[in-house]
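In this document, chain identifiers A, B, C, D, E and F correspond to the written order of the chains, with residue numbering beginning at 1 in each.
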Amino acid sequence: MFTISVRDHFMIAHSFRGQVFGPAQKLHGATYVVDVEFRRTELDPDGIVVDIGRASDGVREVLTALNFRNLDDEPAFRGRNTTTEFLAFVIHERMAAKIAAGELGPHARGLASLRVVLHESHVAWAAYEGELGR
Amino acid sequence: MFTISVRDHFMIAHSFRGQVFGPAQKLHGATYVVDVEFRRTELDPDGIVVDIGRASDGVREVLTALNFRNLDDEPAFRGRNTTTEFLAFVIHERMAAKIAAGELGPHARGLASLRVVLHESHVAWAAYEGELGR
Amino acid sequence: MFTISVRDHFMIAHSFRGQVFGPAQKLHGATYVVDVEFRRTELDPDGIVVDIGRASDGVREVLTALNFRNLDDEPAFRGRNTTTEFLAFVIHERMAAKIAAGELGPHARGLASLRVVLHESHVAWAAYEGELGR
Amino acid sequence: MFTISVRDHFMIAHSFRGQVFGPAQKLHGATYVVDVEFRRTELDPDGIVVDIGRASDGVREVLTALNFRNLDDEPAFRGRNTTTEFLAFVIHERMAAKIAAGELGPHARGLASLRVVLHESHVAWAAYEGELGR
Amino acid sequence: MFTISVRDHFMIAHSFRGQVFGPAQKLHGATYVVDVEFRRTELDPDGIVVDIGRASDGVREVLTALNFRNLDDEPAFRGRNTTTEFLAFVIHERMAAKIAAGELGPHARGLASLRVVLHESHVAWAAYEGELGR
Amino acid sequence: MFTISVRDHFMIAHSFRGQVFGPAQKLHGATYVVDVEFRRTELDPDGIVVDIGRASDGVREVLTALNFRNLDDEPAFRGRNTTTEFLAFVIHERMAAKIAAGELGPHARGLASLRVVLHESHVAWAAYEGELGR
């Protein structure tokens, strides 16, 4: 399996509902440093996993749609706790849609799976990984 | 697959038996920076992998039982080389027992597997990963 | 010069006023990973810079008073932009007060200066350093 | 699964052919910080994954054969773009040959697989992982 | 003293002349991860050290003029060994010129000094720091 | 001011005397990841701060004399608590002696000062910095 990974970040406000979240039920925020790993079993005709420029731009676009927001006000997340693990899933889903739409180049449709890691501090991070439909 | 990871550390003395260990056969020590990754296929009813507060406390308890010890004197490790890879396995086993006992909350029994990484320096680390019995 | 440093973190929501802040004028948030460096010219009678347990507890207390807050609602910051560099100064001031009050032990009054670094992402951080009155 | 990982680095010049590479078509260079992860299902008779001294030496030898070179001039890579993902594969192949030849010790033949990660900057890295023939 | 720091990177080829450089006399290359620290004694009227957007853009511009180059072919470095410490000085000088020209905003002329760090691997880095003329 | 820094590590056992050390009064151990920063005001005739090969070898020699030891048994430290800050001072002193003896090359006598940082975990580190006699 071949992979490439790119790193970027976004900064949001949000709050959680549920006793399990303790003081995080109050409005607070986080910087998420995001690693997106692209995986495929064979290199593409250019000898790469994916065009790293397009991949980075794609990640940047997905994160810009979240950056500098209060997630409590986002219609897309109504009724959901925007936990780190859930946000990793959301970013996975949005990157998968971009790949399916050909936005990372035609060869990117040969990608097998993605792993999205969100670092929320120096002592905690969460991830979602899943296959890509083809 | 969803995951969350938490980081903590412990500091021990020990020595190894066997020529393969060279100068590490002498009594020396290590700081182990420990990453524990909790994995499950679906989020729990709270929309999380596991209560991160309970998870961090569980890791802290397991590491406190090792911290500031000379592992050569620990009955649990008699006759064993407490290598980094072996200690990763020990911590995995003790965390698995806590999860089975419900100490990380009732939903934590839905966890699929754990990965425990022990960083012993900036150039070497070891890990053990394995499924959780349910 | 001798120093010791400890690391911790806090997570807040806030917004900025002023065109220079661009999209950060909207309510968003940040994780700040905080490094506090304690400096002195000679070691204390225990042969240390400061009791690292008390130092860590002191930093934790100062950060807990900020953690999981919307800083826009904090009376202490009314009319101020809670930029990263400003928050580094605030934490410096609060740590200095603890030291002056003897909360880090009597020998901690021999500390010469503090440096407080706030990491807001993998590509940006800010700091304030200043002497301690004695 | 048990693993150990070691880190080292090498520094090379190269250029790429193909529009997808943009300005990287010009002769430039990179530092690659390399992580090699050795995996096996059970510890060996010494209670380890592999002799970490031999493993580190093996990685060092493989990287020394690449270090301080212009990869455009290397016969082994004629007609190939020496992308980060391709170089991860090359290092995997060369480490696998060393293991098969017994250079990491007789027990190292019990290793199941290798993962080779090449970090090319603080925001991009690539990897190749694959099983070891036995 | 208040500071903010931003991180970016560039990738170059070069060679050194002089026995002291050993195998680095051959054409090779490096990724330099660059940290630029901006320092001032008091915050500016906006309550910041410098506009972080303009500061990041300025660093990006300076690095783009070096990125994806063979430094042996650059007229500006004729007859010079482009060591890491020398490149830190060059970047300092070019950033200082931008600040003096007002490219980081009028308040940036109040900056007291700059520190430029170039990380060339996980085990080596170099820096240049110096005051800014006003 | 120009600087270069190199990183290495050593692993020791020790114990502390004094109530302030709490559970660290028991025999335990640590990995210290060591950064040595060499400083000078002007580059040497080769255009460098110091020969990085000799500098790295010098650091390695100093750390090898400590590595894989129980510091409680070392005559050099009799009656001393081998705290992180104290060990930073010891390494500074030993590196300074090497430099004065010409072991890092004749130009290394032009070095102005050294800073030695010992990282004991991901959340704590200590340093000693001081001028070099000439």
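Methods note: a residue touches a chain if its C-beta (ideal position, glycine included) is under 8 Å from a C-beta of that chain, and two chains touch if they have at least 3 such contacts.
Note that the structure is predicted; figures quoted are calculated from it, not measured.
Undergrad: By label order, what chains touch chain B and chain E together?
TA: Joint contacts, listed by label: D, F.
Undergrad: When the contacting C-beta pairs are counted for E-F and for A-C, which pair yields the higher total?
TA: Per the contact counts, A-C leads.
Undergrad: Counting a repeat as over half of the contact pairs in common, which of A-B, A-C or B-F repeats A-D?
TA: More than half of the contact pairs of A-D reappear in A-B.
Undergrad: Taking each chain's centre as the mean of its CA atoms, which one is farthest from the centre of chain F?
TA: A
Undergrad: In degrees and to the nearest 5, what turn takes the CA positions of chain A onto those of chain B?
TA: Rotation angle, to the nearest 5: 120 degrees.
Undergrad: Cα centroid separation between chain B and chain D, in whole Å?
TA: 27
Undergrad: Centre to centre, by mean C-alpha position, how many angstrom separate chain B and chain C?
TA: 31
Undergrad: Find the geometric centre of each of chain A and chain F from their Cα atoms only, then give the gap between the two centres in Å, rounded to an integer.
TA: 41
Undergrad: Of all the residues in chain D, which ones touch at least 2 other chains?
TA: 7, 122-123
Undergrad: What residues on chain A touch chain D, complex-wise?
TA: The contact residues of chain A facing chain D are 1-8, 43, 46-49, 51-53, 56, 105.
Undergrad: So in the complex, the part of chain D that touches chain A is made up of which residues?
TA: These residues of chain D touch chain A: 18, 20, 22, 80-81, 83-86, 88-89, 122-130.
Undergrad: Within the complex, which stretch of chain D touches chain E?
TA: 7, 9, 11-14, 23-24, 26-33, 67-70, 120-123
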